[in-house]
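Here come two complexes built around chain A, the first alongside chain B, the second alongside chain C.
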Partner chain A sequence: MTAILDTPVVARAGGGRKRARRRDRGLILFALPSLVWYLIFTIGPLGAMFVVAFMDWAGLAAPASFNGMENVDRLLHDDRILTASKNTAVHLFVSLPVIMVGAFMLGYFLNLKLPGHRILRVIMFVPALISLSAMGMLFVAVLGPTGLVNSALDQVGLGDHATAWLADPTWAMPSLILVTIWSGLGFTGILFAARLSAIDGEIYAAAELDGANHWQKMWRVAYPICRDYFGVLTMLQYLWTLFGSAGMVLLLTRGGPGESTSTLSWLVYRFGFRSPEVGYSQTIGLVLFVLGIVGLVIIRRVFRARY
Partner chain B sequence: MAVISQPTTVDKAAPAPAARRRRRKGPSRFTPGIAGSYVLVLIYAVTLVLPLYWLFISAFKSQLDAVDAPFSPTFSSGFDNIRDVWRLLDMGDAMLSSLYITAASLAVTLVAAVPAAYALARSQGRIATVFERIYALGFLIPGFAALVPTLLLAIKIDMFHTQEFMILYLPASAQPLAVILLTQFMRTVPQELEESATIDGAGRFRVLRSVYLPLTIPGIATITILNFISFWNDYLYTLVIVGANPHLRTVQVALPTLQGNQGITDYALVCAGTLISVLPVFVVYAVLNRRMENALVQGALKG
Partner chain C sequence: MIRFSSTPLRMAALLTTAAIAAGALTACSKDDASEADAQKLTILSSFTTGNATGDHLNKLVKDFTAQTGIQVDIEEANTNDIANTYEASKLADEERDLVILNLTPDTSDWLPQGQVVDVKKYLDEWGLTDKIVPEALKFWTQADADNGIAGFPYTGFNWPVWYNMDLLKKAGVTEVPATVDDLVTAATKLRAANIPPMALGGAEWPVQNFITWMVQQYVKPDEAQTLFSKGGFCASPGAVQGLDLLGKLRDSGVFVDNVQGYTADQMTSAYFNGKAAMMPSGSWSYTEAPPAIASATELGGFPLPTGGVYTKPTAFQGHSNGFFLSPNGEKKIASVEKFIKYMYDQPVLQGWVSEGSQIMSVKNDILGSVTSTQPLVVKGNEITPKVDYLLLPDSYIPSGTDYSPAGSEFLGKKGQTGAHFCKTLDKLYQK
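Moving on to the complex of A and B:
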């Protein structure tokens, strides 16, 4: 993150610099409305979460009172949380590596600028343009009992394998994971392509002289150069998957069938709005928050430059 | 971070890469590995395009056709589905609500972010650095984390179930990206321009309006495009704060109401509704193509 933060220091002659300093003092006030506004609406609610998490609060209209560690105690003995943690782990550990490794390779591929790469690039942008609700409805229709997938299976004579994918306990979670990968892979690939295009072609040429093939150029040349960037995108994708799954779960399965697609993020939403226990919902939110920070630290470690 | 590239006007930059591409292309690039990868990428591309194609053709056919001939464009029910779903979801109202929230939020975002970016680009004090750090941290806070407390805030200030709260919330959530990107653009404005304007007696606001604003139009365009997509597409916050009142809800909130508790029954209607909801963004993408792609890549930090 430091790259964006480094301010180019403009060297000026002594007197002029001092005068400029004085003149600049009032200037920072221009940034205050934006910053205060941002803090009120982002950091404020986030801080409130830490308070609400230790409250007994049945619904948004109901009175609230502190109940100490009761929510935490309940959380530690809640089977629902255990299931949701497992589901979250599966969701993350399958989709995150597939998206990151796949997107890096996709980015390298797009950057080869083979015939058709321009149209492929346009197609890869599609998931970045579609809203969550449209994507949800699209997949509800695609994966539904008479949706696209089942129609296609029927057309090729595999109609026996048709099922209501999102209502099937075996297939609901894999469907959610596939939708996550579907929506994350293309655009992340584009981002990698943009980063990789900044690598000097001569570096590849040198590797080619040494007899490197594409696989080696990808992982031995390009990857070490972009490792920092890889790490940053992994962090963002991790946070997005960890926190953001509630929206897709709400639209596709509402945690079902049974508890098979109930993630921690979904439980925050569920206890927040569907069967309101606002305090408990935020206790789970706190768990997500801790998982987010722990995950960031681990990812940072993994991708720390080792040269 | 490398994503934040220097501002270039797209029209000028476009021909150059094309020329370079042609020169660099060597012979025999299709090794077996590359051919295999090409197939994999094509399969993924098909999974991206096929659902959209299916969505499009299903929106214009009867429910019966959708099951019998899922992949052929029969156009058997014409615009009936579109008309039905438009009426069923009060799409006219929903479009206006979406438009109101998006346009007002865009305006407010810029009004707050432009002066802030100017201040950060030109201040050299420690405070400016701290401010920038705070904005940068914002990228790491996923919006969903604060959903419930934000709702509590809306209730507290008596703005629950109003569109206006979204017009306060959305610009606030957009500040980190908008300010940091605009600051990048403003740093490219030569300081001498400002100095000569100051000598001519221009005040701060005058300098901002007459010197910086015209020179950062590409940056403002980028911010506007990015935020147009994210404001127009916002779902969860709008759902819980504005709610499902047909007069207030946006397109994104209206659409999923097609799905009852028993899942969906009429696929054709769902496809028609989804088509209507994605159309505005796709139309803008068709018009702005390159510019939008650059904007999305530059704004990649948004979590």
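Moving on to the complex of A and C:
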């Protein structure tokens, strides 16, 4: 007699789904602390900026109250904002192209792995290792009235051209741009070199067979391949320069002489910590936020990969 | 026995147990912590180790602890950052008990905002009001805080012009310039001898002070107080005249070349290295001067301009450094009382003069007879009969109003007049 099972054993439907749900819950549990941290310390302050921007708030310990659109109205009629916007535009539109184009070319050059390329990588990375305050001290000394640049000019008989570079209305912003380029060029070049090293050498070999020189290989072969990556680094550098100029301005020029190096980022710091008018500072912060988003969208569209 | 068969339940149990244990331990230790806190004072100090003031304070604190058993923990901070450091800690109610700092535009909001305690009653109760010079108490009394006193005034300063007589004599100038015309003549002779005349920190706070120095040549203290509090330079003929005087000094070559780019440190360094014959600077630098420069230096006021409101060369003096008491510090008032009374004891006050080379904000009979070993400190104490003291602008210029960028631009623009510069200054007061 054969025992017949009345109820065949069938693999329960949804057993795999139940395991997947348990696994997902575990993942969520582990990710929860980071999510909470992100919400509180990244999204929270961002949301707070939108609230504080419409407040009359003299200082961190002072009482605060909503004042509607007063801060916005003030911003629209404040000459300092217009001056800072112009300075920000000059700072960005001069330093950004120079850094990105220069860094890409440096990255390509490093990738050729010519003799000494390792030492060059180290030299190029050095600015990234210097803290902002050390960099400030360095350039105050280099560009000061009795600093390295003026001493060198004096030595070669061009002492008449010596000036207080950081306090001269004509040269203060170019000096700031120079420091920005100095601090960003090498590091971005290293990043480009890393990306370019992933390009198959055969592609370059094929281009050489077609008679391409280095310039053509750089811009007609390497650039289209890592166009998307170029866009990502441009976005990063754009944000660093737009939001980070306050530190450099604080250390080098404090917005002067006059308002020749006052940028929007500097005004956020100035009204937030020096005046202090925290509400107005965040209203300016809103402008920076919008400029940041708009810039990111434009850069993304311009540099998206076209396959 | 409870069995946790699933991982999430085990995790939850573990976390709950840990939370309960931590809470119990905290509760147990709370009473002990309060008692221990009272035996410990925390100080946020602008006096830093490596400088005469910081080193001397560290020595005194050890002595105080040995005498009273009260531990003192000092956190040092850069003068530029210390106000922000305190305010951030105050937001978290973690502020230090005492702050050693100057009463300046950066800290003048503290008492009105309740970030520090009004110490008037403590000065009276502890018998300190009669020890402190009236000018110091007046400086620390804030009208916008119901005439409360923002802190315990402790050290003062004077701020004259330093004249390197060796360099001046080398250029054929045998005496300290008495008038602005003498100063311009001296500058011409110095330049002819390839000696840079007057260094000034044109890119930083010294230029702000120098602007107020020049403005006050033609403006009396009452009007100066209003100007510094609310602006209105263009509406004041005296103020415009003072700004014109600054322009005249610039255009006559009295300042070193590219003065608009000098930081305060570069100004001091230029003078200390013999790269400038004159410098307006304060007593905080007396102990840092190289011995040769200190012995060659004569201290005096800024020379008199024609038509000015003062009859003697002018200088500044102030009593702006002291101890702020925080709300946390007020909770340990018994320990704070011991510390503050210790600091106002005569031997301690005298030690600040003889070893710390400070100018104290106490009356001479309280201080007693004491001299510093530092030649410039001694010379600084001797200038009082020779100068008229100006109104110190620090407690009047609103927080965040910075003349330095505008001053730097003005110093770099030859030919620009006071009538133009006053507009830039007035704009700084716009909201």
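The rule we apply is simple: the second predicted complex is superposed on the first by the 284 of 307 C-alpha atoms of A that agree within 3 Å, B and C clash if a C-alpha of one lies under 4 Å from a C-alpha of the other, contacts with A are read in each partner's own complex, and residues count from 1 in each chain.
In this section, a residue touches a chain if its C-beta (ideal position, glycine included) is under 8 Å from a C-beta of that chain, and two chains touch if they have at least 3 such contacts.
Predicted model, so just to flag it, every value in this text is computed and none were measured.
*Asks:* Judging by the criteria at the top, classify the pair chain B and chain C on chain A as clash or fit.
*Replies:* clash
*Asks:* Look at A:P97 in the shared chain and tell me whether it touches chain B only, chain C only, both, or neither; answer first, second, both or neither.
*Replies:* Neither partner.
*Asks:* Which partner does A:G258 contact after superposing on A: first (chain B), second (chain C), both, neither?
*Replies:* After superposing on A, A:G258 lies in contact with chain C but is clear of chain B.
*Asks:* Looking at the overlay, does A:M235 come into contact with chain B only (first), chain C only (second), both, or neither?
*Replies:* First partner only, chain B.
*Asks:* Give one of first, second, both or neither to describe whether A:L29 is in contact with chain B, with chain C, with both, or with none.
*Replies:* After superposing on A, A:L29 lies in contact with both chain B and chain C.
*Asks:* After superposition on the shared chain, which partner residues are touched by A:P224: those of chain B (first), chain C (second), both, or neither?
*Replies:* neither
*Asks:* Check whether chain B or chain C contacts more residues of chain A in the superposed model.
*Replies:* With both complexes superposed on chain A, more residues of chain A are touched by B.
*Asks:* I'd like to know which partner A:L120 touches here: chain B for first, chain C for second, both or neither.
*Replies:* So A:L120 only meets chain B here.
*Asks:* Pick one for A:A162: touches chain B only (first), chain C only (second), both, or neither.
*Replies:* In the superposition, A:A162 touches chain C alone.
*Asks:* Going by the contact rule set out at the top, does A:G68 touch chain B (first), chain C (second), both, or neither?
*Replies:* neither
*Asks:* Superposing on chain A puts chain C and chain B in one frame; which of 74-82, 218-226, 236-244 or 362-370 is the clashing stretch?
*Replies:* 74-82
*Asks:* Of the residues on chain A, which ones does chain B touch that chain C also touches?
*Replies:* Overlap of chain B and chain C footprints on chain A: residues 25-26, 29, 60, 140, 144-146, 164, 166-167, 273.
*Asks:* Would you tell me which residues of chain B are touching chain A in their complex?
*Replies:* 1-5, 21, 24-25, 29-31, 33-34, 37-38, 41, 44-45, 47-52, 54-55, 58, 66-67, 70-71, 112-113, 115-116, 118-120, 122-125, 127-129, 131-136, 138-142, 144-153, 155, 168-169, 171-173, 175-176, 179-180, 184, 187, 191, 204, 208, 229, 232-236, 240, 252-253, 255-256, 258-259, 263-264, 267, 270-271, 273-274, 277-278, 281-282, 285, 289, 293, 296-297, 300-301, 303
*Asks:* Could you list, by residue number, the parts of chain A that touch chain C in their complex?
*Replies:* On the chain A side, the touching residues are 25-26, 29, 58-62, 74, 140, 143-146, 150, 162-169, 253-260, 262, 270-271, 273-277.
*Asks:* Taking the complex as given, what residues does chain C use to touch chain A?
*Replies:* Per the touch definition, chain C meets chain A at residues 7-8, 11, 84, 87-88, 90-91, 109, 113-115, 202-204, 256-263, 266, 270, 275, 399-400, 402, 404-406, 408-409, 411-413, 424, 431.
*Asks:* With touch defined as at the start, can you tell me which chain A residues reach chain B in the complex?
*Replies:* Per the touch definition, chain A meets chain B at residues 1, 3-5, 7-10, 20-21, 24-35, 37-42, 44-46, 48-49, 52, 60, 105-106, 109, 112-114, 120-134, 136-142, 144-148, 151-152, 155, 164, 166-167, 182, 185-187, 190-191, 194-195, 198, 201, 213-215, 229, 232-233, 235-236, 239-240, 242-244, 246-247, 250-251, 265, 268-269, 272-273, 278, 281-282, 285, 288-289, 292, 296.
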